[in-house]
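The structures considered in this document are given below.
One chain, chain A, links the two complexes that follow: it is found with chain B in the first and with chain C in the second.
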Partner chain A sequence: MSNLITLKPRISANQGIPSIPIRTTLDNSTTVQYAGLLHQLTVKAKSTVRDIDPQNDLTFLRIRSKKHEIMVAPDKEYLLIVIQNPCE
Partner chain B sequence: MEIVYVYVKKRSEFGKQCNFSDRQAELNIDIPPNPELAEQFVERNPVDTGIQCSTSMSEHEANTERFEMETRGVNHIEGGWPKDVNPLELEQTIRFRKKVEKDENYINAIMQLGSIMEHCIKQNNAIDIYQEYFDDEDAVEVTDEAPSAKTINVFRDPQEIKRPATHVSWHPDGNRKLAVAYSCLNFQRAPEGMSSESYIWDLENPNRPEITLKPSSPLVTLEYNPKDSHVLLAGCYNGQIACWDTRKGSLVAELSTIEFSHRDPVYGTIWLQSKTGTECFSASTDGQVMWWDIRKLSEPTEVVVMDITKKEQLEHALGAISLEFESTLPTKFMVGTEQGIVISCNRKGKTPAEKIVCTFSGHHGPIYALQRNPFYPKNFLTVGDWTARIWSEDSRESSIMWTKYHMAYLTDGAWSPVRPAVFFTTKMDGTLDIWDFVFKQCDPALSLKVCDEALFCLRVQDNGCFIACGSQLGTTTLLEVSNGLCTLQRNEKNTASAIFERETRREKILEARHREMRLKEKGKAEGRDDELRDELPVLNLEELVTKAEEEFFDIIFTELKRKEVEAMKKKPKPLKQPSQETDEEVEGEEEAEEERGDGEGEEGGGEESPALGGQP
Partner chain C sequence: MATSAQPGLLGLAGSAGGEALATNGTASAEGPERPGPLQDETLGVVSVPSQWRGVQGIRGETKSCQTASIATAEASVQARKHVDAEVQTEVPEPVSLPSVPRYNGPRLAAFLRKVEAMVTRELNKNWQSHAFDGFEVNWAEQQQTVTCLHTLSYPPAQEQGLHVTGVSWNTTGSVVACAYGRLDDGDWSTLKSFVCTWNLDRRGLNPQQPSAVVEVPSAVMCLAFHPTQPSHMAGGLYSGEVLVWDAGRPEDPLLWRTGLTDDTHTDPVYQVVWLPEPRHSRRFQLLSVAADGKVLLWQGVGAGRLQLSAGFALAVQQLPRNTKLKKPSRGETEVGATAVAFSSFDPSLFVLGTEGGFPLKCSLAAEEAAVTRMPSSLPLRAPAQFTFAPHGGPVYSVSCSPFHRNLFLSAGTDGHVHLYSMLQAQPLTSLQLSHKYLFAVRWSPVRPLVFAAASGAGDVQLFDLQKSSQRPTVSVKQTEDESPVYCLEFNCQQTQLLAAGDAKGTVKVWQLSSEFTEQGARETERLDQLASEVAS
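So, the complex of A and B:
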């Protein structure tokens, strides 16, 4: 029902997306895609929260779509992503 | 607002102040006109100039600076690997990954994140966020729109000589086709050369009929077999029953023999629910109802004569004009007659007398339509003369509900298959009325003028939305009814059944009252006979009394006379003064009486004393 990706974000000025998937239950290409896109989104969300209130910080990000729910838990260095199918 | 920068300049540094003042007008130059210059010009008269009275516009072009755009895609490749790790080599990546996994930071982070994540996952598992909450609320559409119906299509008789459309039947599957029967019902007034063809129309193509049916005699009714959509049953003008298979062509597949058929046009044909799907029955104005099996149309399987005196006399039979059969009540059927009586019959009756169960009379003219309510089969609708009536099987004396008398004759009627309280009627003036007695009882909910000529027949499609009506000139009109009239309203079933029950009860109460009143009248007539009998004994008594009195007085007088006679005999003093004699006679009488009384007291004093006592 759910798939798990653990990422290690790495700041790098070079090309490519600075995140290395450490552990994953999905196939490689999907993992890379999810990782890159979600990392960018998390960074944006974090900056949004901090812009509104500098004392605040992003603890969790949930994206609900028609097909499943994507949950992202950010950390200083790492990123935990879970994709869950709804229970019907 | 905060001040960011202050610009300072002294007033004296600005320069001298401008002062304005008024001055008189001065003539600077005066050039008079020079007429000699006019000779250099030729006057042009008339002048042709184009004038346009419109807003003057100008056209300008502008070019912005070029803005360069480029489409770029992002290729996600793994990056961010430390320099010593080559992302393409699997061994190195695995090694790196394992190293990271052992990192304490990693472990702590994962534990923390994991717990948060777990919480959210559990939330998701607990509540199904994709659940439909207000699913059942969308049926509360209050139809505020007024009922309406609009014509969708018109199918005209392609023949030159127009014949009335007498019957319409919908195709059983999908309702994409209409079978229309054409015939002229005026006795012997069918014009020369009138064709006897009937058509099956496809709803998509109103220009040409899809299939033509060619019988030997014009068709009065036409019905699709609900089980087999290729088979059609028809009743002919000459009394025969015909059967078609549309796969076989337009000629008749089976035809009943004329000796055993009806003797009058067949007005009603209905398919029966049977396992073989080949049984049907027909009714005609010759007073007979016949049952047929399609496979053997040479002879009917059963014949019932519509004679309400139950004697099977064809001469007394009533002509049948409409038939009704409900597949949920397979043994009962109803026949509407030309004389305005509905006969309810039982097919399983052993003797002909048992076959006819009861009659309902109430119409003044032929009953052109007869149909049970699809939701409440105990109530049925009849259409005839100038009214439409609703009956209940329980109340036989009269209908439970009826419409007012219209200006035009009603020709056909039908219930809506979707709403129990809605029915449709057609009239001779070409109007279609839609009645909804949950909404309004005295008038139709909607009255539509479909065409100028009379409408002869009406048929509602199974979904209740489409109505086909056939007119006198052979035009079949297809109408679509508004949503409100073909969707079941909330509580409609209950309301309709409540109305039916209430009206049935009312009729029953009225019937009971009538019966009571009739009984009372009968009782009054009987009461007068009783009084006569009472007076005779009274007379007898009087007679007896007078007789007794007479006898009584007779006895007294005879006794008195006897006493006088004896007194006269016993008088010893013959020389008495007459006056005294009278007195003495009286006294004597009295004395004599006394003496006699004393003298005869021994003899029969008992007898005398009552006589004496009785003397007045």
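So, the complex of A and C:
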């Protein structure tokens, strides 16, 4: 089982700027790719949850794919992304 | 006797002229005295004037023509205002991760503390979870069986009884080309053969009419499309030449040729492969492998000629002695090479299949000079570094796995497919697929445990090592009368397509069922397991 962790801040003032990774155990290009794509997905998930129930908010996002599982812990300023190879 | 015919004697002129022709200049006009059959004779000049042209006179008429006068007008144009503007590009700033984290600090630490417990809990839950066991999602429409999408053929080639000796897909995956030749001829033949391409994406595809046909003066034994140019293809001929054609130019498709020099092969070329040039990664050079034991690298120089840039020769005395081989008969020093496959992980490492039945591990960087009597403009080197245990007959095809750096397959005339690891001489497993020869074996480009083999009994067999290691998962019959299937290639762009060419001169494009096109979970690990489990 290999865990790969990246950490990035989210600049909430301007939605146009993609997330900038701070710390990562992956290579640069993959990290930048994951950061941009998952940031957009997190924003969409958060707005979905808020639309359904305005009192509610997104706490955790998990995406399971054939090859691994991606977990995103969102926050006001930061985003923590963990990619895990599940063992079956 | 005068031999001019009068214009008026239309009926008799023919016969009179005939009699005049029968006599010779020296004998008299009576009786057709013919000289003996083997003696020299000279005949006078014979002229047969036209009979009808005198009847028609020449008529002439005078005609003239004149174009109407051209109307002209003058007008002037002047730009009134102009504006100056300047454009300047700026040097783009490279996107890079800040090496020193700018946001380090108490806020980051607080965030991490807050989030850590939750994430660790989820990670542990996942590790032990059985929630998704056996849960599989299918996004694409499932194809249950292997079906034949197209049956392509070129009737003039089929009439000559030519076999399909090579198929290749181009770099975009939309064009399939096939080479015609004969694989069972023992003698030198001046058979004209063809290379045909079909564009499968085009509407109104006529399976009997290729999009492009190139006529070739000798039988073509192998074919390979260029890795980046969608219309360039290289072929090796029975005569030992290597040619490169451009299928997009129907009036003059030949681009490069090796010609018949001292450097060219003296035996049929069994396989050609495009390799990236060591210094310019965008340009490619050609590697050709032939039965005379030479492996040659060609580069295109001006005026359409391919020039030898490096060469290797196999000699029995220089084969590595780590495996016991049969003693060669006296006088034989060359080892004919019949197939080549390059490793996807190490670009200078390649595997050669030989007529002796043993695959060889070779390297482009080998330094030792080859012992050979063949003349050559460049010194030839001995490439072999390791000899693997032999098959029961010549090896016709080798294929390196695109997912594992050490595994490769070889198929030979003994009907067996051997799975070898580069690290040991004995094969990891040996599968008997057919009682007849096996002509081609290829790993699937998407599923690490699947390969396809073309057999002499007329069927294409697909093997899935995950399901069964003894029997083929699917076996499709390509020819009704069991004539052999000579070649097959997977399409790397449209991974559900497989093209196979047979001895009846047809190319069938098979659409594979979904189980062969989608990678399951953990297949790469299974392949690693397989590679290490039988290692001694």
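General observations
What we mean here is this: the second predicted complex is superposed on the first by the 70 of 88 C-alpha atoms of A that agree within 3 Å, B and C clash if a C-alpha of one lies under 4 Å from a C-alpha of the other, contacts with A are read in each partner's own complex, and residues count from 1 in each chain.
As a convention for this text, a residue touches a chain if its C-beta (ideal position, glycine included) is under 8 Å from a C-beta of that chain, and two chains touch if they have at least 3 such contacts.
Computed from a predicted structure; not experimentally measured.
In the superposed model, A:I22 lies in contact with both chain B and chain C. In the superposed pair of complexes, A:K67 makes contact with chain C only, with no contact to chain B. Using the contact criterion defined above for the overlaid structures, shared-chain residue A:G36 touches chain B, although it does not reach chain C. Looking at the superposition, the partner that touches the larger set of chain A residues, chain B or chain C, turns out to be B. With both structures placed on the common chain, the touch criterion links A:E77 to chain B and to chain C. When the two complexes are laid over each other on chain A, chain A has residues 9, 20-23, 32, 59-60, 62, 64, 69, 71, 73, 75, 77-78, 80, 82, 84, 86-88 in contact with both chain B and chain C. Against chain A, the residues of chain C that register as touching in their complex are 95-98, 101-104, 107-108, 111-112, 114-115, 118-119, 122-123, 126-127, 129, 132-133, 519-522.
Residues of chain B touching chain A in their complex: 74, 76-82, 96-97, 100-101, 105-106, 109-110, 112-114, 116-117, 120-121, 124-125, 128-130. The touching residues of chain A, when paired with chain C in their complex, are 1, 3, 7, 9, 20-24, 28, 31-32, 59-60, 62, 64, 66-67, 69, 71, 73, 75, 77-78, 80, 82, 84, 86-88.
Against chain B, the residues of chain A that register as touching in their complex are 2, 6, 8-12, 14-23, 32-33, 35-37, 59-60, 62, 64, 69, 71, 73, 75-78, 80, 82, 84, 86-88.
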